[in-house]
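Working notes for the structure below.
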Amino acid sequence: MSRHSETVINVINPNMTVTMTELIAKAAQASASPTTRIVGRTARFGAASIEGHYDEAIAAVGMLREIEAGNAEGCHAHVIACFGDPGLLAARELSAVPVLGIAEAAMHAASFVATHFSVVTTLSRTKVIAEHLVRNYGMEQHCRKVRAVDVAVLDLDKPEANVRGTLLGECQAALREDGIGAIVLGCAGMADLAHDLSTELGIPVIDGVAAAVRFAEALVGLRLKTSKHGDLAFPLPKMRTTL
Amino acid sequence: MSRHSETVINVINPNMTVTMTELIAKAAQASASPTTRIVGRTARFGAASIEGHYDEAIAAVGMLREIEAGNAEGCHAHVIACFGDPGLLAARELSAVPVLGIAEAAMHAASFVATHFSVVTTLSRTKVIAEHLVRNYGMEQHCRKVRAVDVAVLDLDKPEANVRGTLLGECQAALREDGIGAIVLGCAGMADLAHDLSTELGIPVIDGVAAAVRFAEALVGLRLKTSKHGDLAFPLPKMRTTL
Amino acid sequence: MSRHSETVINVINPNMTVTMTELIAKAAQASASPTTRIVGRTARFGAASIEGHYDEAIAAVGMLREIEAGNAEGCHAHVIACFGDPGLLAARELSAVPVLGIAEAAMHAASFVATHFSVVTTLSRTKVIAEHLVRNYGMEQHCRKVRAVDVAVLDLDKPEANVRGTLLGECQAALREDGIGAIVLGCAGMADLAHDLSTELGIPVIDGVAAAVRFAEALVGLRLKTSKHGDLAFPLPKMRTTL
Amino acid sequence: MSRHSETVINVINPNMTVTMTELIAKAAQASASPTTRIVGRTARFGAASIEGHYDEAIAAVGMLREIEAGNAEGCHAHVIACFGDPGLLAARELSAVPVLGIAEAAMHAASFVATHFSVVTTLSRTKVIAEHLVRNYGMEQHCRKVRAVDVAVLDLDKPEANVRGTLLGECQAALREDGIGAIVLGCAGMADLAHDLSTELGIPVIDGVAAAVRFAEALVGLRLKTSKHGDLAFPLPKMRTTL
Amino acid sequence: MSRHSETVINVINPNMTVTMTELIAKAAQASASPTTRIVGRTARFGAASIEGHYDEAIAAVGMLREIEAGNAEGCHAHVIACFGDPGLLAARELSAVPVLGIAEAAMHAASFVATHFSVVTTLSRTKVIAEHLVRNYGMEQHCRKVRAVDVAVLDLDKPEANVRGTLLGECQAALREDGIGAIVLGCAGMADLAHDLSTELGIPVIDGVAAAVRFAEALVGLRLKTSKHGDLAFPLPKMRTTL
Amino acid sequence: MSRHSETVINVINPNMTVTMTELIAKAAQASASPTTRIVGRTARFGAASIEGHYDEAIAAVGMLREIEAGNAEGCHAHVIACFGDPGLLAARELSAVPVLGIAEAAMHAASFVATHFSVVTTLSRTKVIAEHLVRNYGMEQHCRKVRAVDVAVLDLDKPEANVRGTLLGECQAALREDGIGAIVLGCAGMADLAHDLSTELGIPVIDGVAAAVRFAEALVGLRLKTSKHGDLAFPLPKMRTTL
């Protein structure tokens, strides 16, 4: 699949909204090294947007199918482009190559450039999901607060939602109240806003899609692969259904 | 669905092996109050057994469909009968009635009768899953160790695996080395062995299926329902695929 | 003591106020299964109400005497009906049968029906006691906040304290500010208000007395007994004073 | 009670064994500053020795009575001389002057002279009590392990128990296996052995009685008193029984 | 260096401002036992004040030189008189005698007289340093909040900064909002204000310089020395540069 | 300093041993992208090797001077090439560009390709330093154990130390006993052994120098800079000494 010296990264949008995949893939390619080629994929099973535990559970299965597709085509790494990182460990189990979640990548990047950050996500009901990730990734001492702007994922690109203005206001509140040095954007659909917000706020504003792409390149460059020893070894052979 | 004063508990085997569902449902009914009726269900999507993150991810979707089936029939509570509690929060999102995972129920029960316990599960590769649950349920201070007997789930009922003997040996090692007062059995397929092992070892040996059934009855008796405020509110209406 | 197939639960009010025992026993019986008989007991040593570390320490001794009385009469389980769960581990040491504290039961029940809850207790000075329990029970990730209404325990039943209104206001504040899906009532003397508050607020409001009774029934039904191996083994024989 | 410039420290043996009080008081006086006078007191309610949760609960009440006696006589500080620190917060509630537990003092002292320590206590069944203190005092990152020599408290002074040899062996094992720089002795009855063991092992071996006495002197010298704001304010006036 | 029965404590001001050393040494001597002699030393390498990670790093080296000077003169203990405790473990490595940091001493003292405290420090940018110490010392469960008055260290003694009034206001806010029983002052330059603030507020207000001096005396009195086994053993011989 | 489109990374060896800098710089360049130029620098103040808290403290100052040198030359990022990450936050304070420590980078990389790893470092006395980093970086749930081979840093390249064989043995022990999927090498001086050990063991073996270089490239590619808001803002202007 890849030409010589080209790194191919399989960027999966776990929700089924193709316009969002396009936004994500475009942001991913814009953030990538010149020698990286982004392959954008959309889950073909799951939900139009991922805004809860149930959406995550069904989206994970759709996403995993695209992991398999990427593996079949010989991609060099995968990025799961939904801030809840649905199915991350399962995807690692399926893959010899590295897999990164965008929440994971964004939080780790934030911890490299600031001692504390806050997350700004979409709906209040998904704050719990981000908080669980904060704990699972050992980020409790870096993440001060998870905030929400209460805009639905599929409204992010609607002008009347005034997402940029709403996000900016919430980021400013975080800067004023949370004792932070950086912001993590809590949705793949905000990928195109990070640089602009960062310039306006004067602090790092981190989009997980870009961060995951660059960290995936780093792991590929390091020739580091997902460990196949222990719980991330390939799934045991057994009867399984397929979509 | 239920006759007057009968409590109906939907016990879902998230793996697709019907003989295991039968074992589980039988153990569940045997452990239940006389006024409880167990409805055993088998996931019709997923894997023959659940022994890794990938199996968990696909099993969750099959399990959730049976949650919906149970809700449609008007059951009073659900039990997810796989020790990894796959899809637990998603199942709660789908349900107005209580949902319990067997790992969750077993660990909580253990913490009520002993200050420390160890878990004995099937394969070493699944120990990480149990360890994650220990942390997610706040059981780090109660659970001393997760141990494995390295018998595959589908071999549990094979005489040549000598599961009872192997389990007994591992439990005895836990009793000798871990500073514990109780054992939690780490697989629904061990449900029928708990009482015998408990008698032999002289300490509580806890099967999660039984524990979850009884705690589900307790929640029903308390008229406690899954909170529909916040992250467990019913999923937002949107386009979703179905199996 | 018990008739055939009857479960006898020894519900101990660790404070010495008999009217409060009556309220508690009545709530306990109302919450119990039809086949459960509640025996209410009042500590005969200690304090009129338990509102601090000192009250807890002396109440524990009075409570333990009633544990012994219950054991002598052959009860099937004990409930310690004070939200600080005074003397819980000591009571387990004395008992072959299960012992539950109401704070413990309420918090565990809350974690089964919501991902986050807040506690609403009586006096501000006792918030520290509840916070210690939150940590001891591994509930830090579920409990958002401990709140107090600053009504003394023995004023709970005084009309002029307007307890229902005050509690409702604090619960509404919790619902608005804490990011929760359930409330835990932090005093046995609030047992009769849970269902009404739950209806008014539209979320689970959990009374520990009811929760402990039902979980005690569950443990009895599971034939689970307090482990007598390790730190909960019966006390070593030695000279001790008695009250 | 005290002569000019004399500091009076009330050292309470929470168990009822007078010979042990004598050993403790002697060690306390030997460890104290020349201007400190130790008043040794023995609990008159409770147990001959404290080796479990139940012993702790009843001993706390006996101990608290001696706190009141010390306060009545105008002592400048209290030391609770049992490694479980029974009733510590209750004692602080009763006292305007400082109160120290010997486990607390020993662990804090150990953290001042080594980055990691292990505790060596008497019976295995009491290890859980020490582990709870480690967590309550925030010492998880300093305490590597709680070990026991399985000698009963009242056998500590019996030549046939060979306590010094047994302790030395366990300390040597800790030094070899635990990655530590200091040992904390886990029983007031070991107070007279600390210096000798320290010399033999070449590392700090810390007796809590001595540590608590010296820290109590330090707090007195600092004119620091127990906070009477919040949960340690004097108990609210109400009906209470007395021994 | 020391006369018979005199304890000599080497109190090092890690910043290079001699007037501050004088204030610290005076406060230290005033807080010390009559038989203690304070030797005040000023770092001769580093920064005029310590208000950030960089200041801490360079100050540590200047401070360590004064540790060596104190060791050469035979002092009995060291105190590092800067609230960030810069170089604490390195200083312990260099010393056979005890070394205490003032943040460490103040927080431990606070935990002896109150269940919860807040820290009030100088600049907001140094709050992170105090928060790291809170975690390193296991004080998360005791410390409610780190607050800052946003007065620079070297402005503390300027009348126009109105430090006493500003501190008092912040302490009152802490008392009102944080659920605390004591205050820890977060800068050595506040040493002279503790008693006055304590009187005004009616709760313990703890200055780390005084606390560290008294705890150092306690360790000397206990004949406890820094462990020379493990990571605090004297540095290995090798080529090193000197200032 | 940099040619168009070239990324310049300042790789600082905080110890003063030039041969080790050469090994590190060579490994760094070999691991870097083709468009990255590594500038290797050696601390000119500090110690020949860093094997304790004291070495770390003095090395930090020498390292920081090379941070300033790199900043003056306009490098795009810094790597601190000593496994203790000495002076990391101070270096971030001095720099607008990203700064990475090799322990930090290695542990984060390990958490991307395995759920659990162990660290294998040089001397046992430095294990505490690595353990502190594990906690500071939130890696407690990923890092199973810190192990040491007890070879001094400056002996790593001596044939008679048989470092490769010794490391291999320790890694094999980790693989057998620790329940891990990856190894983190705990010294910059092991940089050249990672690939060979990885091949031999069949699991990822991670060298922090390479990981830090690639993550630094990633941050540069993301145009992420060290936050200058809060505790990482440039140091306040004041009198400071210079080496």
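Here the chain labels run A, B, C, D, E and F in written order, and each chain numbers its own residues starting at 1.
Methods note: a residue touches a chain if its C-beta (ideal position, glycine included) is under 8 Å from a C-beta of that chain, and two chains touch if they have at least 3 such contacts.
The UniProt protein names, listed by chain, are A, B, C, D, E, F = Hydantoin racemase.
Note that the structure is a prediction, hence the values are computed from the model and not measured.
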Pair exhibiting more inter-chain C-beta contacts, C-E or E-F: E-F
Chain pair among B-C, D-F or B-F whose interface repeats that of D-E, sharing over half of the contact pairs by residue number: B-C
Between chain F and chain A, distance of the C-alpha-averaged centres to the nearest whole Å: 27
Separation of mean Cα positions, chain C and chain A [Å, integer]: 44
Rounded Å distance between chain A and chain B, as computed from the means of their C-alpha atoms: 31
Residue numbers of chain C (touch at least two other chains): 89, 92, 115-116, 124, 127-128, 135-136, 141, 179, 230-232
Category of the chain touch graph - line, ring, star, complete, other: other
Listing of all chain pairs that touch each other, if any do: A-B, A-C, A-E, A-F, B-C, B-D, B-F, C-D, C-E, D-E, D-F, E-F
Chain A - residues contacting chain F, complex: 31-33, 89, 92, 98, 100, 104, 108-109, 111-116, 136-142, 175, 179-182, 195, 202-204, 206, 210-211, 214-215, 217-219, 221-232
Chain D contact footprint on chain C (complex, rising order): 16, 44-49, 51-58, 60-62, 64, 87, 89-90, 92-94, 124-129, 132, 135-136, 152, 154, 230-233, 235-236, 238-241
Chain A partner contacts - residues on chain C that touch it in the complex: 115-116, 141, 179
Complex contact set, residues of chain F against chain D: 124, 127-128, 135
